[in-house]
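In order of appearance the chains are A, B, C and D, and numbering begins at 1 in each one.
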């Protein structure tokens, strides 16, 4: 089935849904699934509409150019995604393989609504894994003594891959602000989370010291404020006093990989809209 | 804020959303939240639309009579709920108080989008509890030797309460078919669930024997097929070898009360549509 | 079945288990359930032993006085609890009833391994609820302009109740340091928890702003450092963008009451040992 | 740290713990972690003791031969595991890779307390994956027209691998009774689980039809009664009406791989004892 996904975010106004659905109807599109949400606080309206395109009476181009007239009128931020154009996914990793291997296997099992086009890493360790999965691997080392040059090379490498979405699968380097900006809303990160949270180094050790009973992970979009971007998905796993900091780390890795994959999948299916520093996830 | 909730289920057709949203727009309604879902298997379309009514340019009556024209045209099953008309909730219980007390306390804390109008039981035990919460209590005993008469009296008592929704909060009697039919889609039940399931008497004992690690609960609409109606909500709780059958029962009661309250709340907020033997829950 | 529960925490040493189990065997006690845990970091050993006492060949007194000799030898912190002596539970609440009602109903349903001896509150609101459950209620108002006097009266009231364990069921007042000290390891609190955490006022509003996907609760022992005491139990519930701060609060209350009850039950069953600022929970 | 793990299951008797811990003490072993559990129903006693062996004053051999005297006296079923002798894990798969890839990656990341010695499959598909992870791969095809011969070859291949534990990672063939018997308590399987359960073909389709809200997985020991062996671990994942049967299958695969890995890890750490058709898991 051929599907368009129309995402809209705009100031609330009367007749928005009527306008948009009439537009689709006039072009013989069929609505398959739709979610509308009014954010009362921010007085913004959010839509995600899946349109069957087999019956569509106009080209994608004319659909887009015609829709931009409505979009301007209502001051919309909008995207039209053709589900057939699967998103190009760039995975970035460092040395730890749990998230990268999990994503590559999902790709291999055809679980992801997208194509993994490459693995980019500052280390060589994951090369063989990528190779088994027939995914191009590129290393761009980041020399601690010359980070600026390394990050600049990495930025260029990312741009050369021309990805639609970048997944930081435990990539342990800072993403430069210009890259954050160029791929705003398109870089997805995963990090561990705790109740209560422990800032600073070695959080697992501190969580073990404090005897927490839950270990979590947060999947979010990357902004310039490290680990502070809009949250896409979160999950937790239960731990206990018999778990060492090392155990907790392993258990945390499990919840990291599952949560990252889930957040990525939402993104690939165009289910996530960003509003200020939060997300609307039409799951 | 004054809100209408429009629920629609109908065979899929082009232009459904356009038609309905245009209808709302022409009457100056503002869409606050909407969910649309196409069930590919059954080729049925489901909508739930929350409409702010403060700006509505017509009466509820004329909204309804006008909408019925569209509804007929598209062969819709539909309901229009005024959120201000809080649903009348009848709680039915027997001897065990965990679900009844939980619901009464939520009512008392103003958590439920509805009014508890009474507690109906085949036993006297819950009378004092209802009285503390200032909720009318009625006992209709079911004599095991003359069930037919008891159930008939109970049926009449239910009808006299004129409820919008009936909650079987561990009511341990069969609901007669005519009552099931009269209140189709309006009777909510909770029962324990297991992985794997254990049919027959004393399932907790058998679950303990088998050493299950999860105990669950299923909240569903009541149909003539006992415990087989459309599922609204499910949840589980973790157990282990040190838990006796008795412990498991207690833990199961916790998950029962939470799951029942959640399922009821979905119903009260008009979030549940029924399709064959399953539900669409626009949560 | 008559049961003793022996809890021991001490510096690790060879032969600890042999010594203690030999001691029990010599007095014809039968071990029903036992957990031993060595905390590698702190080199402390923890034991919880359930002893069937029907066959015990000595009195409780002589058991205790004899055991204190071993205890001194190994520098043990230890407690011997007779399960038949159910703990006296004092519930402290303010205006919100969700935790208090849940605990009272569990008490009523005979789910708690203890006796609720009273509800103490700074407000009058919960009086009727306590009365329905036949539980003594006492109000000790805390005048904002003279907190010291109020807290002093409250402290006296607590002492007069002579509780074995105090449950702060959303009691919204500071517990004075002398009360914390007198009932060290015997005051249990519940508070909301977030990933990430939000300090300061109105955390639900901030959690909604940030678009978190999980809302949690932490049950812990009270120490002088508010909300920083050893964690007994934690849990979370899933939320989404359609949930307002108000919804999140309600959903948070559900997880609060369940988590508090679970933490309390662990305490009542003498399953919790404290080590520095963490707990060992032999669940 | 060098560790023995002593697992004991026997009829309940006075002085069991004293006897065993005295035995360990006399040989200068140090107890690091211990769990004791009395199954009241079956009147059987279960122990798992972790003993630090660095201070042990006797050889493993003499420890074992001496202990067998106690064991006979109390009619114990017992095992002594040297944690340094990591278990040899044989993974058996068919075509689906999610569980195999997950286990291989955990092995690679050094998460498993054991060595993966091979992947055995009735298909060729997983060969490359195993090769990337430097794990021997062997195919033993099972010809549908001559199952008996294929299963016989497979049985021989399993025996040749000389595994300590066999993991059926979605191995879609029957395990012959003689293999079940030879490796009783050493073959671990994973299968999907539902609330309620759906027997017969295509359970995901039926779960989708019924509109279940949870999809689960059960990890258990294999006995001759297919899917009916003692349960080690279970977990669930939440689904909804928008999830197709295909989606549910994918989500079910995630919970399968996590649950299988968790169950296996318990086994590798010698945390699981079997009693009739249930397990005692000292987690």
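In this section, a contact is a pair of C-beta atoms (placed from the backbone, for glycine too) under 8 Å apart; a residue touches a chain by one contact, two chains touch by 3 or more.
Bear in mind that the values here come from a model prediction, so they are computed numbers and not experimental data.
K.L.:
So which one's got more C-beta contacts, B-C or C-D?
P.N.:
C-D
K.L.:
Between A-B, B-D or A-D, which shows the same interface as A-C, counting it as a repeat when over half of the contact pairs match?
P.N.:
It is B-D that reproduces the contact pattern of A-C.
K.L.:
Averaging only over C-alpha atoms, locate the centres of chain B and chain D and give their separation in whole Å.
P.N.:
Comparing mean C-alpha positions, chain D is 41 Å from chain B.
K.L.:
Let me have the rounded angstrom distance from the C-alpha centre of chain C over to the C-alpha centre of chain D, please.
P.N.:
From the centre of chain C to the centre of chain D is 36 Å.
K.L.:
Would you pick out the residues of chain D that each touch at least 2 other chains?
P.N.:
33, 37, 40, 240, 242, 283
K.L.:
Looking at which chains touch, is this a line, ring, star, complete or other?
P.N.:
Graph shape here is complete: every pair of chains touches.
K.L.:
Tell me, which parts of chain A touch chain C in their complex?
P.N.:
By the definition above, chain A touches chain C via 37, 39-41, 193-197, 208-214, 216, 218, 230-236, 240-242, 244, 275-281, 283.
K.L.:
Which residues of chain C touch chain D in their complex?
P.N.:
12, 14-19, 21-22, 24-26, 28, 30-38, 40, 49, 55, 238
K.L.:
Where on chain A is chain D touching in the complex?
P.N.:
33, 96-98, 101-102, 105, 108-109, 111, 128-129, 131-132, 240, 242, 250, 253-254, 258, 261, 283
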